[in-house]
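Please read the structure below before turning to the comments.
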Amino acid sequence: MTVISHITCPVCGDFCDDIEVTVEDNVITDVKNACAVGAARFLNYATHRRTKPLIRKDGELVEASLDEAIRKSAEILADATYPLLFGWSSTSCEATRVGLELAEEVGGVIDNTSTICHGPSILGIQDIGISSCTLGQLRHRADLIFYWGSNPWDAHPRHIERYTMFTEGRFQRSTWRKYVSRLGGTVTEKRLQRTANLLLDHHPPTPIETGQGLPYTMFQKKRKMVVADVRKTRTAEAADYFLQVEPNRDYELLQAFRMLIRDGELDVEEVAGVPVELLEEVADVMIGCELGVFFFGLGLTMSEGRHRNIDAALSLVRDLNQYTKFLIMPMRGHFNVTGANVVFTWQTGYPFAVDLSQGFPRYNPGETSTIDILRRRESDAALVIGSDPLAHFPKKTAQNLIKNPLIAIDPELTPTTLMADVVIPPAYVGIEAEGTAYRMDHVPLPLKKIVDPPETCLSDEEILRRILNEVRRIRRKLN
Amino acid sequence: MPKLKATLLTGRTIDQGTERERGKFSEEYRRSVTICEIDPDDMKRLGVTENDNVRVSTDSGSVILRAVKSARAPHPDVIFVPYGPWASLIMNSETHGTGMPLLKGLPAEVEQAPEEKILSLRELLEKHYKREHE
Amino acid sequence: MNGERIDLYICDGKVVEKVDERKAKVIDASGMMVMPGGVDIHSHIAGAEVNAGRLLRPEDHVKDVEAKTAVTRSGVGYSVPSTFTTGYRYSRMGYTTVMNPSMPPLEARHTHEELNDTPMIDKAAFPLIGDWWVVLEYLQDDRIEECAAHVAWIMRATKGYAIKIVNPGGLEAWGFGRNVAGIDDSVPHFNITPRDIIRGLCKVNKLLNLPHTIHVHTNNLGRPGNYATAIETMKCVEDLAEEDNPVIHITHCQFCAFKGSDWQTLQSGAEEIAEYVNQHNHVTLDMGQVVFTDTTTMTADGPFQYGLYGLTGNKWVNHDVETETSGGIVPFRYRRKSHVNATQWSIGLELALLIEDPWRIYLTTDHPNGAPFTTYPKVISWLMSTVARKKMLKRISRRARRKSLLPSIDREYNFDEIATVTRAGQSKALGLKQKGHLGLGADADIAIYNLNPKTVDPSIEYKAVTRAFCKPAYTLKGGEIVARDGEIVKPIQGGTFWVDIKLSKPWEPSEDLKLKFREYWTVEYENYPISEDYLKASLPIRVEARI
Amino acid sequence: MIILTPKRSFTVPVGGECISPDTFAAKSTSEMANLPVWEGNKKRALGHLFRIELKTAPSESLTIRIRGDAGRIRRIGAKMSSGRIVIEGNAGMHLGEEMNGGAITVVGNAGSWAGSRMKKGTIEIKGDAGHYIGAAYRGSNKGMNGGAITIYGNAGNEVGCFMRKGLIKIHGDVGQFTGIHMKNGTIYIGGDSEVRAGAQMLGGKIVVLGRIPSILPTFTIDDIKSRVKIDGEKVEGPFYRFLGDLAENGNGKLFISQKQNTHLTPCERFL
């Protein structure tokens, strides 16, 4: 039995690096420090994985040797006129580097999953810029934490504990105690209310004013948390202020904030369902803080407005810097989606949706992005790595994806691997293979190898390297 | 039969996150993502109770899901479905020139569907994504 | 070089006394000019902020692309080229060694990943240490030796080459949106001033015996009147110099040679700086020349970049790095007709022409801050030709022209001096003994320019000079022909230098530091250092420290 | 006149930037047939994809006529400076991108980015057009800088994004964010507009004849005008005139039909 510490967690964009695992006979038996999702990954990854490559023959996926699967993949890609290479956010930067070389060699379009998560954020950044930082900066200094359209409690379970409200910094203290006592208060209050209702058979209970900023925050000089979302999430419940936004109206609200920050007067009573008075109060809190941070999630990028929501948010934060220090950060989903953007950018100049078909990088989301290419049915082959587009792409695009030859590099049984023509299960990166990945704030950290992979499984990087070599061999033979 | 016109949101949940680690074809995963969170008052109006099956439709198709009360209500006219193959069936692929389809904030309709059953992942793939062979 | 004809022998990547001519490959360079490969002491080519600049500027890439060839990878160019393109373009210009002067230590792994993908050149990176909390804490208590041991750990952990200081104290203050006003302003929350930081790290540098001096981006950079800060900065380490050895490098000096009280009254402070430098041997500088073009400014100086955003209204990136440093990016177009930009153009050249000793002022554009590195040949033509300077002077803002010192300067660099400011001086300042010359034992990094120094008069034929420096006939790296007539013929990896510091007694980080790590950073101490095998071609420089 | 007829239908994108009067000028048909064209990652000759006919008719300017569907052919007429292109079917994305003169007519629909970064000339689209008409490239603030685009059908989102000068006339409906970040120039919408017209605009003029669901809260009503002038022509109103986008300290003008938008009547109290 060995205990290994300081493991990085290959699940979400927080990419915690303090995980401790216990390994017995090449099996992970215990996990410490991880959140529920992280622990589930370490403990269950092996239970439903595949180890043997598969090739579709006569409509059925049958076991094949690795060499066969590599050769078949190379043939598909070498033959294609407009192949698509998609995924890259759940693998190492080392694998992505080879992937880019492969995409260039086969003249394809290479795109990562940010195309359907924070792609709009990148478009916004390219128009406005971004005032950002690494997470420690916030831990030490931020006294105002604003989550907009993101729900760390569910999507980034340790975010609040490691980087924001519940962490001790040099200049800011944790608000954990405050939260616990308040939570206690709320529960007691709810219980009393329920009892009262039962006894008195009253009108429907009046909602308890926890979120609208009054009782708990009045004398609080410490860290404050504001949440804006279309639904009241668990994160929202922990906030000092909660702004419930009408769906698809975030843009209006953000722009209204920008106007208030400029000391402008709004001609309306409410914006996106939020009373202007409350907006004014929150705007004052934003201007008055020492260092504020604005975290935003897919609630902004995936709803109407998309990159323009981000445009407005980035502009708001930029404008706030005339009064105080304000920073902003996208809440990235996969553990290495940031890394995929980073590697794409240093090799091609563009972070996603890179079309290499003409021998040099071209970029124009909407034109060279995966969903659009598939919707218009332009590609004639695809390689998918570490992603499950069949489960997550809109139906029509997913249907078009499987109208052409499909290669899937994935250790798991997923809808995509089930529908692919070639399936190559690799070693699990971050568990069975090492590499580099980037946390959501661009801090690079090592992915570790904790246990040995099954004999038949190579790392993503090696598989791609072998496909690339095979493609080059085919090309040489043709010339 | 009453219909609810609603705004459809999708997103991550901690259940979806942990259960996917049991494998996409596991029953746990299916249970975690084939839900549709509806405001309790809207549920009354629709005539459904917790765990009844409902049909959720958009301009791109429809899917059968299990109704559950949305926590921390009120969220009138807003429904929530976790990411996954079921939600994808009713997503529109238009990106308006941005590369990003509208995955949150779609107009949708909900109605009760007591006779319908929720597809398993294999059934879903069989029905909607049958592979064409040359 | 002065038209002297010699035979040069190369074996195993080194310059040697003699090889067997029958077995050797011969390059006929008669009528051409042979120089050591170019060395760039300060060019932002890799790492977090460069890459953020790339991400920010699709509109910059789209106008300048490189298609893949049989031997090279594709990429994009102009002001923030992709990594492969960066390597190729330097090599095609006859450069073989480039220093990346700004590496946020927490993100060092990123810098090295990019350097691994930057082919054709040898390179190194300077970690930013001037606002590192632990360093500030040691220095405020005057614990220089402990600080030195800590810096040795930083160098090893980040695989760094030299101590980089940017707006000392100002970046810590920027954590809360503030700045420091000069070298004696106190740093908020610390009992220390920029002067203490510069002096302290200068002492640390000496204790560690590092090959390069401290590399300083001064306080108040880019502000009218800052030439005084620059001179004070140089002065503050005057007493730390031993003999004639430099102890401080003031980088992109053009940006800190502004005289005047505001933008309206801006004028050149080059004369004052040159006067000081001509009288003191303890300082080296590089130009940070401005060329009129559309480029991308990027520095670790967060407050400076915010100021630049305020001036231009252009898109702005800020990136604070916890407990260490910050950074910023703003696209910028230098305009001939802008009185400020034109004055900046003049200041850079004035510095290079007024500082007498070419061994102490080096040609840079602070790529991409003053201009992309691909403009070096143009800068060379201005240094070599009063005619070329006059021609540009005619086209710039009238106000700037009236105030420019250039019309009063007759000096024209000769090829020898050009070789000094583009390679020999730079490698000497960097302590790279095997670079920048073609003596026995030197690395066979060679640039052969299709230009006959005997027949060409650079003062008049400056256009021919520019052309020749844009596209050398041959670039050799480690004895191999890697580029010919502006085309890459053989891609090579190129190594990464870092200082492997040997302390007199082995130093292990204390438990105290490990605990501090948890407190100060959001990553584990164990995950911070980069191992040597992370570098694709590691070139450690062994250094014996005095402690 | 040069007539191009597609020899087959295309699935992967085809780069059609060589289809421009500037490139074709003074070339024989065989020279034209040899012009390189990318079809996906394959470099082909134009003659491989199109039948090329030369009809020598005495005409003052060179005209290219595409007979058939060019919906997958991108960048037709990019950077052209004179002459004329007529597309009898649909046109692909980036039609007339960075155009500097001449005229393009599309009988069918056109894809997104038609007329993006154009400086001079005219583009006429009889059918619908996609998104980002007359827009800037990603990351740039230099959109359409002159010339005119007329669309008889509908257009998508972000018409005139970062527009600096010129005229865009759309007789049908438009999507969201019309005139986003526009600095100057005029956008006329004959039909309805979705929300967020004029978002983040700094200057210029947007006229909406049809219905718009709402005006951004960062605009303020300033006047009611009986008519508005577009390119010298008078369009009868009355129109509400809004100023904005105040979040950007902008001074753009939004003319919204009063009759079609009775739901905006409450705004009048601020006059």
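By letter and in written order, the chains are A, B, C and D; residue numbering begins at 1 in each of them.
The rule we apply is simple: a contact is a pair of C-beta atoms (placed from the backbone, for glycine too) under 8 Å apart; a residue touches a chain by one contact, two chains touch by 3 or more.
Worth saying up front: this structure is predicted, and the values here are computed from it rather than measured.
Taking the mean of all protein Cα atoms as the centre, the chain whose own Cα mean lies nearest is A. Here C-D and A-C are compared, and the pair linked by more C-beta contacts is A-C. Separation between the centroids of chain C and chain D, computed from CA atoms only, is 46 Å.
If each chain is reduced to the centroid of its CA atoms, chain A and chain D end up 35 Å from each other. Centre-to-centre separation between chain B and chain C, using Cα means, comes to 56 Å.
Shown for chain A are the residues in touch with two or more other chains, namely 123, 126-127, 304, 358, 363, 365-367.
Of all residues in chain D, those that touch two or more other chains are 112-113, 131-132, 137-139, 176.
For chain C, residues that reach two or more other chains under the stated contact definition are 56-58, 62, 315. Taken together, the chain A residues at the contact with chain B in this complex read 11, 36-37, 40-41, 43-45, 47-48, 59, 115-116, 119-120, 123, 151, 153-155, 157, 230-234, 236-237, 247-248, 298-299, 301-304, 306-307, 333, 352-353, 365-367, 369-372, 374-375, 388, 390-399, 402-403, 412-415, 418-419. Across the interface of their complex, chain B is touched by residues 112-113, 130-132, 156-158, 175-176 of chain D. Considering their complex, residues 96-97 of chain B touch chain D. On chain D, the positions that touch chain C within their shared complex are 136-140, 142. Listing the residues of chain A that touch chain C in their complex gives 5-6, 8, 17-18, 93, 97, 101, 104, 122, 125-137, 139-141, 162-163, 168, 170-171, 290-291, 318, 321, 324-325, 327, 341-343, 345-351, 356, 358-363, 436, 438, 442-446.
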